[in-house]
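Both of the next two complexes hold chain A, though its partner changes from chain B to chain C.
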Partner chain A sequence: MTHTVLSSATKEVVIGFDKPFVMIGERINPTGRKLLAAEMKAGDFSRVEADALAQVAAGAHMLDINAGIPLADEPALLAQAIKLVQSVTDVPLSIDSSIIEALEAGISVYEGKPLVNSVTGEEEVMERVLPFVAKHGAAVVAVSNDDTGISEDPNVRFEVAKRIIQRANDHGIPTCDVVVDPLVMPIGAMATAGQQVFTLVARLRDELGVNTTCGASNVSFGLPNRHNITGSFLSMAIGAGMTSAIMNPLHSEAKTAVMAADVLMGTDANCAAWISEYRDPNAAVGGGRARGGRRRKRE
Partner chain B sequence: MPDDVNTETEEDFDDEEIDLSALNDDDLRAQMMDDLYDGLADEIAEGTNLFLSRGWGPDKVLGEVLVEGMRIVGIDFRDGILFVPEVLLSANSMKAGMAILRPLLAETGAEPIGTVVIGTVKGDIHDIGKNLVAMMMEGAGFEVFDLGINTDVDEYLEALEKHKPDILGLSALLTTTMPYMKVVIDTLSERGIRDDYIVLVGGAPLNEEFGEAIGADAYCRDAAIAASMATELITERRKAA
Partner chain C sequence: MTHTVLSSATKEVVIGFDKPFVMIGERINPTGRKLLAAEMKAGDFSRVEADALAQVAAGAHMLDINAGIPLADEPALLAQAIKLVQSVTDVPLSIDSSIIEALEAGISVYEGKPLVNSVTGEEEVMERVLPFVAKHGAAVVAVSNDDTGISEDPNVRFEVAKRIIQRANDHGIPTCDVVVDPLVMPIGAMATAGQQVFTLVARLRDELGVNTTCGASNVSFGLPNRHNITGSFLSMAIGAGMTSAIMNPLHSEAKTAVMAADVLMGTDANCAAWISEYRDPNAAVGGGRARGGRRRKRE
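Coming up: the complex of A and B.
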């Protein structure tokens, strides 16, 4: 069974088919957040800290950190954001940038084993990113596009993903440390976007046994009541074999869909997480819960 | 490889290791009731053995610790505070204690409160609710003979003959199989043995009215009610006798 183990200095998270789905908080990303971008550029990281804490409180198992601000020193900002977030939470991080120097700056200050987001199938990107991922013993997100662009054919994307995994292996990165991103397109603009992902994820699970992640919120871009679309997408993707996603755990529709999918996939043992989330807190008046004894953890 | 690392929720729990053997009898009893509530089978087995080693009789451990603990589980299940997976874990822990106590209880010849034959009726393979009832009744001090699922009238008759129970429990989860309960009860009447047993019925599609219509002694809405109803009716019957 493939297990991708990520860590901070004190905490481990495991992505795997026999594990609860891993929610990676998406909020710390200035793309489309003008205020956050301006603040980060000016050296004000208070919103980064607040977003980190809020997402972890909402159930995020990991956080994605992106500092992609135009005309800013992204490597320095990303490193600073990572140091700050690691000082206020203990969840492992995904270091997210399309600028390779920023990924390197992020990984060099990171404590633990991060998820480097991302490498593509482009020749130059692979040869620049994979060596330092290997050197730091990190895990890496493999985005299934290459020099020819993003194919609409999931079978072509499968081949791209396979090629990145092989190249990662050549650099000494084990397959369990490659998490494939099948690329999620807005369903409102491309009717096949959902089916492409489900087909690709199922093939990746069945034929390569690799973990997967994606930017889930993308799927509902431009639609009304979009968080319910994101939630249904997540449930269906989990059914097909998706094992993690970069998403917003503060959106209850998305989070509920993930938790329900964990129950239905049998990865929420004894439905414990579901029950503890949805047990009526006001119901605990008469019996055992009210007695306030010394409770112990179920194994 | 660490297990469950991404499912930990630590806020409600005590992390420190609890040494059961260091607790006095009162604290051990309270801790075991919590452990039963939390569904910790190994700890229940350990605590059961501890009490026995301290000279408690098996009937006292059963009555004052396990039955009392399951009574609380039953109340919280009835009130929607505990849910099916949790009650199954609790019942499983109860079983771990019972596995130790049962042979000792047999040795001492301690009488169970009563005897129960229970089964899901013919054509129906649902057994979660029936199993809960069986466990709750066992927890309440009954000796329970579980005939399983898809039980036809001859199997019931055979078991009644063999075990001579006080109580017969019939379970059905389908509107198509619940009429078979009437077949079983009518057969008992035909043979003139209906009044030898207290007949309890239960299952999601049933209600009080249906229980009355088919001639059962009582309809039980859930597992906790089934156990308390069984105790109540058997006490009444013995008083009347």
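Coming up: the complex of A and C.
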């Protein structure tokens, strides 16, 4: 059974088919968040800290950290954000950038074993990213596009993923430390986007036994009531074999869908996490009343 | 592409892999509903009528009709309920009883092509139910248990389903008129219940190309926040290939999960049903304001 082990200085998280789905908080990302971008650029990381704490409180097992701000010193900002987040939370981090120098700056200050997000199947990117992932003993997200772009054919994407894994192995990175991102497109723009992902994830599980992740929110871009689309997508992707996602645990529709899928896949033993999250505090032997010392309203 | 066509006197519904998922309303069933049972037994069908209308208004494409009341004349009650429901709605019906005489009484008064719910793989049941299903040109639900009981092994259930389909064919019923019920157990009692269903449904789709249905609510029996478990189960089952379910469309969690899964499977063309259900009535070209004649609050 493939286990991808990530860690902070004090805490381990395991991604695997026999484990609860790993929710990686997506919020610390200035893309589309003008205020956060301006603050980070000006050296104000108070919102980064607040977002880190809020996501962990909401159940995030890991946090994705991105500092992609135009015309800013991204390597320095990313390193600073990582140091700050590691000082206020103990969850392992995903170091997220499209700029290789930023990934290197992030990994050099990181305490523990991070997830490097990401490497693609592009020749130059593989040859620049994989050596320092190997050197630091990190895990890496493999995005299934290459020099020819993003194929709409899940079988082509499967071959790209396979090629990245082989190259990672050549650099001394074991397969369990490669987490494949099948690339999730907005379903409103491409009706086959869901089935492409489900097909690819099932092949990656059945034929290569690798863990997978994705940017889940992208699937619902542009649609009304989008968090319920994201939620159902997550449940269905988990059913197909997906084992982690970069998502927003503060959106209850998405979080609930992940927790329900854990129950239905048998990875939430005795439904303990579900019952603890949703039980009626007034029910017999309920913990809420005893802990709170007061009768709470029936939910 | 397998199409199971059901009809009332005036309306057709098609169950198929390339069609939106068919929601069969579960409410008209006195099991566990003491008041409904007492009223039906006393000849008061007002609640049956109200439940029929409410479920169709909530989006049910079909309705399941069950009159299983202890010590009552079930064949007569079932026939009466079917006649009443057919007089107030135009959706096709599923005629639901474990008593073969009741199924026969129901089918004899039904206008159109019903779904007969159900036949099992038990010798005697097959030989009594399949002839009148064939005679009336109806479709039938095949429940995957036999004289040896309900197996926990999805591969055994697959073989039972295959045997029922073959026997139906022997009686002149085409495979497209057999809808397999993989049998859904409560996940709180059996941690493998979800994966059993997903595995079996995928095999039934990939190897036999048959449509499937189930009693979806059963999966969440006994758990808190159960409608979200049912909803995620429905999304995941649709991802695995399930094409209809007996469920409660009045539970928004379940209905939304089905509609989102239709979007994600590409069977809700242009996301039209989703957008129509959930769009912001204040958005540009929104129908809500024009119809309502007043500005509504943003959702």
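Basically, the second predicted complex is superposed on the first by the 281 of 299 C-alpha atoms of A that agree within 3 Å, B and C clash if a C-alpha of one lies under 4 Å from a C-alpha of the other, contacts with A are read in each partner's own complex, and residues count from 1 in each chain.
Everything below uses one rule, namely that a contact is a pair of C-beta atoms (placed from the backbone, for glycine too) under 8 Å apart; a residue touches a chain by one contact, two chains touch by 3 or more.
As the structure is a computational prediction, the values presented were derived from the model and not from experiment.
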{"item": "First, second, both or neither for A:3, with chain B first and chain C second", "value": "first"}
{"item": "Contacts of A:175 with chain B and chain C, given as first, second, both or neither", "value": "neither"}
{"item": "Partner chain in contact with A:279 - chain B first, chain C second, else both or neither", "value": "both"}
{"item": "Partner chain(s) touched by A:269 [first = chain B, second = chain C, both, neither]", "value": "both"}
{"item": "Which superposed partner A:240 touches (first chain B, second chain C, both, neither)", "value": "second"}
{"item": "Touched partner set for A:151, first chain B, second chain C, both or neither", "value": "neither"}
{"item": "First (chain B), second (chain C), both or neither touched by A:195", "value": "second"}
{"item": "Chain B versus chain C as contact partner of A:261, first or second or both or neither", "value": "second"}
{"item": "Touching partner for A:22 - first (chain B), second (chain C), both, neither", "value": "first"}
{"item": "Those residues of chain A which chain B touches in one complex and chain C touches in the other", "value": "269-271, 275, 279-280, 283"}
{"item": "List of chain B residues in touch with chain A within their complex", "value": "1-2, 4-7, 9-10, 12-15, 18, 30-31, 33-35, 37-40, 42-43, 72-73, 75-76, 79-83, 85-86, 88-89"}
{"item": "Sites on chain A touched by chain B in the complex", "value": "3, 5, 11-14, 19-20, 22, 61, 268-273, 275-276, 279-280, 283-284, 286-289, 291, 293-299"}
{"item": "Residue ranges of chain C in contact with chain A within the complex", "value": "187-188, 191-192, 194-195, 198, 219, 223-225, 228-229, 231-233, 235-236, 238-240, 256-257, 260-261, 263-266, 269-271, 274-275, 277-280, 283"}
